[in-house]
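Same chain, two partners: subunit A is paired with subunit B first, then with subunit C.
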Partner chain A sequence: MTSALGSVPAGSGTAPRPGGADPQLPVRPHRKRWGRTARWVGWLWVLPALIMYGVFVLRPLVLTVQYSLYRWNGIGTAQWVGFDNYLTVFTDRDLLKIITNAFVLIIFFSFIPVALGLLVASLVRRITTGPGGTLVRTVLFLPQVIPLVAAGIAWSWVLSSNGLVNQLLRAVGLERITRPWLGEFSTALPSVGVIGTWIMLGLCTILLVTGMSKIDPSLYEAARMDGAGPIREFFAVTLPSLRQEIGVCLTVTVIAALASFDIVYISTSGGPGIQTTVPGLEIYRLAFSQRQVGLASALGVVLMLLVLVCVLPIQRLTRGEKA
Partner chain B sequence: MNLTSRSERVSGRIFLIALVVVTLLPFLSMLSAALQPRGTVPTGLAWPSDPQWGNFADAFTAANMGALLKSSMLIVAGVVPIGVLIATMAGFGLGHLRVPGGHIAFGLLLLGLTLPFEAVVTPLYYQMRDLGLLNTRWAIILPLIGLYMPFAVFWMRAHFTNVPRELSEAARVDGSNTWQLFWRVHVPLARPAIASLTILLFLWTWNQFLLAIVMVDDATKRTMAGALGAFQGQWGTDLVLLCAGSLLILTPTLIVFMIFQRQFIKALLQGSVKG
Partner chain C sequence: MSEFSTRFTRRRLALLVPMLAAGLTITACSAPGSEQPTSEDSGAPVSTELGTDPITLEMYAETGFPLAKALADEFTKQHPNVKFNVREDQFTVIVENAPRVLASDNAPDIIRLPTMVDLVKDGLLKNLDPYFDAHGWDKFPASQLVQLRLTDGGAERGSGSLYGMGLGYSVTGVFYNKKQAEQIGMTQPPATIAEFEDLLVKAKAANLLPIMQFNKNTAGINFPYQALQNQYGDASQIADWIFQKQGATFDTPASLKAAQTIEKWAKAGYFPKDANAIDYTAMMGEFQKGNGLFMFNGDWESANLDKNMAGDVGFFLFPGETADAKHVAMSAPNTFGVGARAKNPDAAAYFLNWVHTNDKAREISVNVGGSHPGGPADLPLPPVADGTVLAETLKASQQLGADNGAVDFTANATGGIFAAAITPEMQKLIAGQQTPEGYVKAVQAEYEKELSR
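Up next, the complex of A and B:
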């Protein structure tokens, strides 16, 4: 490897295309030879990945769309129903509620972590590089590393009648509002959301603080010189400089909220009623318990499109304004 | 920086410390429950007067941890090396060799980048049934490799696009073919990108839940996360054992995380930035 590296000719920078190893030699024919054949042979490198992707993602994707146009119980013959399943998804009150639930979760998975993360980032600016900083980073990353299922179990316990939350409330004399948080209609969905906040908060904070430490301090000095207070400074310097990091946080967390499954399955199984049911869980239930494969597939297609519709504008926002 | 007022910096620290405490509390609460005597009803966070460390041994047996660890490792061993290898090759082909029409392949892969697994899990189930692979680890391994390809190829392509092309010219003059070029020059140079990808794929596989519960009924043939789901179903009413078992099941990830901590954090940060 070193020999290959060492033999890079100094002059090759002037002829950056294939075949430009020695600028003295005629470049054309050489380039054409390995240009034509070898470049097509290059597909062999891409093929294994494409085959796996084609067989285990693209084919199922096409099948999902196909299933969504049929009524099928998974065993018998399928019956063509056109767009009826989609009609059901968009008119059935329960299914609409389920889709709305996913959007409510975005508040907890995305908005709160990003807002809190920004607050911490603008106050801390950088996490110290010493052992203290490493410790903070490590701890804040724990929720990202453990299985979501474990987070779900831990929080089911923390939010239960005898759990930590109620214990703390009793300790400060708020006995009245103690309750099984995941079990009551009014508090179940926000409680599931809090689990999401816990999982996403550390990642967002660290991403934002890391982005923060890359901002040129002179920008702040200039802002202070112009007499900007902390609030104006935040909107004039911090927010625009962190646009890319905020975009990343939002993309990751919005996908996690819309496509959530593990946490809900473990902590509430979608209950009470359908209060915390999300599209992912409903797809699972429809396809594998109720054997309504067509409807499950239609919901799957809708979920996929919802994710795209939510994520693409975020991407455009962060990229477009940067240019 | 030096213009930041002292009180601001102090409040920042306080927020950060509060965040750390809130992150740790659920774990501590689980630990305190796991150490209570079996059959008692624990409360949120109370250090037991007589910690029952034996509960972990009970949970180890009840959860069949030995079998679970083996199963998870088999699945990781099936997914990660192949996934990383073919993604590296494809990234090399698309990013460095620039195969003609490569942007079409890349565009197809980008399609899958935001795809929720739930959207394809139903047809995957029937596909696995038709292949006769249901209830085997292959039903988790094969789809996962495919599902990881969008991110993994995207990741490796980003690396190979930035490698100077002169490097290959030089090696070609030395008479190496593309295969030798790949293994002798490009793979060693790509080591950091490959390491990050390996870590991410390991983590995502180990923690994979949906595919595990859909494809495999037998908890001892699942991933760790999938097995934990079954464990909860079985011991949901025995809170002490459930907490002990959950802590046991998340210990391996924690250990691996602690060992590769720096690379892990780097990989997760880069992974979310590029993803």
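Up next, the complex of A and C:
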């Protein structure tokens, strides 16, 4: 049996656990007192962090839920509207489209970077342990270091009418398909997605490379002795061993996709039309430009729940076996 | 064993429950927001004296428009006891921040205002009527300040009490590249919309971009759109709609015809192909590089264009359907207001009066701001160099005043109309994703939605 804290089995008991009032083990009074103090001292140590957490995470969370039940412009008096704001979120056609956009971005922010990351990691695994390793890792990780705003600006130049992408296309005679990638209805969302892929790929690759370096080489040896080629090796050894790393990659990137804001705000501002508007951007617009704090809060709560709904199964799937 | 674990969790609970309770108490479960204290000062005496005590005026101005800072500096030079603490933000940021900044304890004395309606409703702006009387602003042409008036509680714009003044009064129209105009044989500005469209055809045929206009982030094509809308119908209908008058609607034949024309122009390739990917800064850059015969914009760019394209740019007010049609154009004060919780409202009003009446200040308004300085009708305009686009925009401004043709921007109708409807729907319209009928209906629907709140 494990206690609620998941601590060591309580029954092993040669050393009296501090404060653990196990009736079979006589505990000397002063030690008992010391133990009790120790626990409270422990709480004392985490108290500053807990207060910060309460004030800056729990309190805003509770307030957001509260605001979502009102019609409020942020300044004047608020009017109680119950679940009206939630009804709007789930029935407004534009808002539904905006939520869908976020799910499309998951493909670009999560699936593609993880898949590509696996490929790249397998290829560079040997290089990263060699002398040029630091260089390779730095280059791969660079997109993570660059501020998203800077990345957004740089990419909007690359994808503009006379940007690098179109210049390259013209150079190879593909003039016909050049276009303002971020300004056209059909290509805007995928183009924003590509920016996300670029940013997330480095993170995923580094995580996966690190995971690969922990795999016991004897497993590969065994596989090879059984006559497995590199592809079989990848599916039989590498992939299963990376279960947890893939889980972390997916969790981080799915949250990044659903909660995206910076890249979209900088590269397209949600346009053209509402083609690339994502919930994060809409929440900001609703709250600050349209001054519908209630509706913005409701959308915020829905977004939080969506993130949980998407991320919890990933956690369960990738943790399940090892825990 | 079980006793151990339950005791443990119970203890944890004993700690967590009060913490959570405390957390919830902090959040206070009462309704958010509060009634702002309504300014009780409307009857109180105001002073038109600046005094000699050292004071610092808090000013919240717009980035990229050096006029406010230039005027503040000149004011300090003339009145050394008054210093300015100028904070600048982009206009959209001011729009978003204004309510919170004005509601804070450190409310600015002088603030660049976005749409005023919500701010007046929340009691965040000072009613300037006492200053209007004290400083004798009744000597200004009434039309100059009409957009800055609101009825009680901010129900309607265009009448009622004064809540702002302009640091310059802007006019919009069409800038044109003189070299390209010559190339297609345009010797004088078009006198009718038909003539204007004729020039578009000629420019297209000459492989020139007829209209350089931005449409990314915010809808720049709303400039030509409203220019057409102003002429296709009764402009006072548009003004009523912007002022939120009862029963006013966007769904008019003029709005529809304007939308159809914009659609036609977009299909004909008169706008840049990637207009939805061009923002304001990019548009200015492209036009100055010689990309584009026309550009719909305002006189706030006059000084800039005179510097970067000296002698190569002209300006005209958008023509009507017939040559004798009266001139109508979007024209608005660069509105500045005084916070209801400002610490030095008398000095702020003194500054606003000074901006309109002091010779040096008027000169700065014209030369730095590029706009008409406003003020009493009998004060002469500061001289400007002939042949500059600044001279042309000033002339246009006077012409517009004579025709009484100033209309506010439709973008200012409500706080969210530009971001929530006009911009996305205009982006769709020029990309063929929205019909002209759909455009007009969508804008009106958003307007009704916002007014119903």
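One rule holds in what follows: the second predicted complex is superposed on the first by the 272 of 323 C-alpha atoms of A that agree within 3 Å, B and C clash if a C-alpha of one lies under 4 Å from a C-alpha of the other, contacts with A are read in each partner's own complex, and residues count from 1 in each chain.
Here is the rule we go by: a contact is a pair of C-beta atoms (placed from the backbone, for glycine too) under 8 Å apart; a residue touches a chain by one contact, two chains touch by 3 or more.
Note that the structure is predicted; figures quoted are calculated from it, not measured.
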Partner chain(s) touched by A:Gly76 [first = subunit B, second = subunit C, both, neither]: second
Broader residue contact with subunit A after superposition on the shared chain, subunit B or subunit C: B
Contacts of A:Pro272 with subunit B and subunit C, given as first, second, both or neither: second
Which of subunit B and subunit C A:Trp43 touches, first, second, both or neither: both
Touching partner for A:Leu303 - first (subunit B), second (subunit C), both, neither: first
First, second, both or neither for A:Gln290, with subunit B first and subunit C second: second
Partner chain in contact with A:Arg59 - subunit B first, subunit C second, else both or neither: both
Which superposed partner A:Glu184 touches (first subunit B, second subunit C, both, neither): second
Which superposed partner A:Pro240 touches (first subunit B, second subunit C, both, neither): neither
Partner chain in contact with A:Leu203 - subunit B first, subunit C second, else both or neither: first
Shared contact residues on subunit A - subunit B and subunit C: 1, 3-5, 20-22, 43, 50, 54-55, 58-59, 63, 67, 74, 288, 293
Complex contacts: residues of subunit A adjacent to subunit C: 1, 3-5, 10-11, 20-22, 43, 50, 54-55, 58-59, 62-63, 66-67, 70-80, 160-161, 179-180, 182-185, 268-274, 285, 288-293
Touching residues on subunit B, where the partner in the complex is subunit A: 1, 3-4, 8-9, 11-13, 15-16, 19-20, 22-27, 29-30, 33, 41-45, 86-87, 89-90, 92-94, 97-100, 102, 105, 108-109, 112, 114-127, 142-143, 145-147, 149-150, 152-153, 165-174, 176, 178, 182, 184-185, 188-189, 203, 206-207, 209-210, 214, 224-226, 228-229, 232, 239, 242-243, 246, 249-250, 253-254, 257-258, 261, 264-265, 268-269, 272-273, 275
Parts of subunit A lying in touch with subunit B, wherever the complex brings them together: 1, 3-5, 7-9, 12-13, 16-22, 34, 38-46, 48-50, 52-61, 63-64, 67, 74, 119-120, 123-125, 127, 134-151, 153-155, 157-158, 162-168, 198, 201-203, 205-207, 210, 217, 220-221, 224, 230, 245, 248-249, 251-252, 255, 258-259, 261-262, 265-266, 279-280, 283-284, 287-288, 293, 296-297, 300-301, 303-304, 307-308, 311
Subunit C - residues contacting subunit A, complex: 1, 3-5, 7-9, 12, 15, 19-20, 22-24, 26-27, 29, 31-36, 92, 95-97, 99-100, 103, 118, 121-122, 124, 216-217, 273-278, 415-416, 419-420, 423-425, 427-428, 431, 433-434, 450, 453
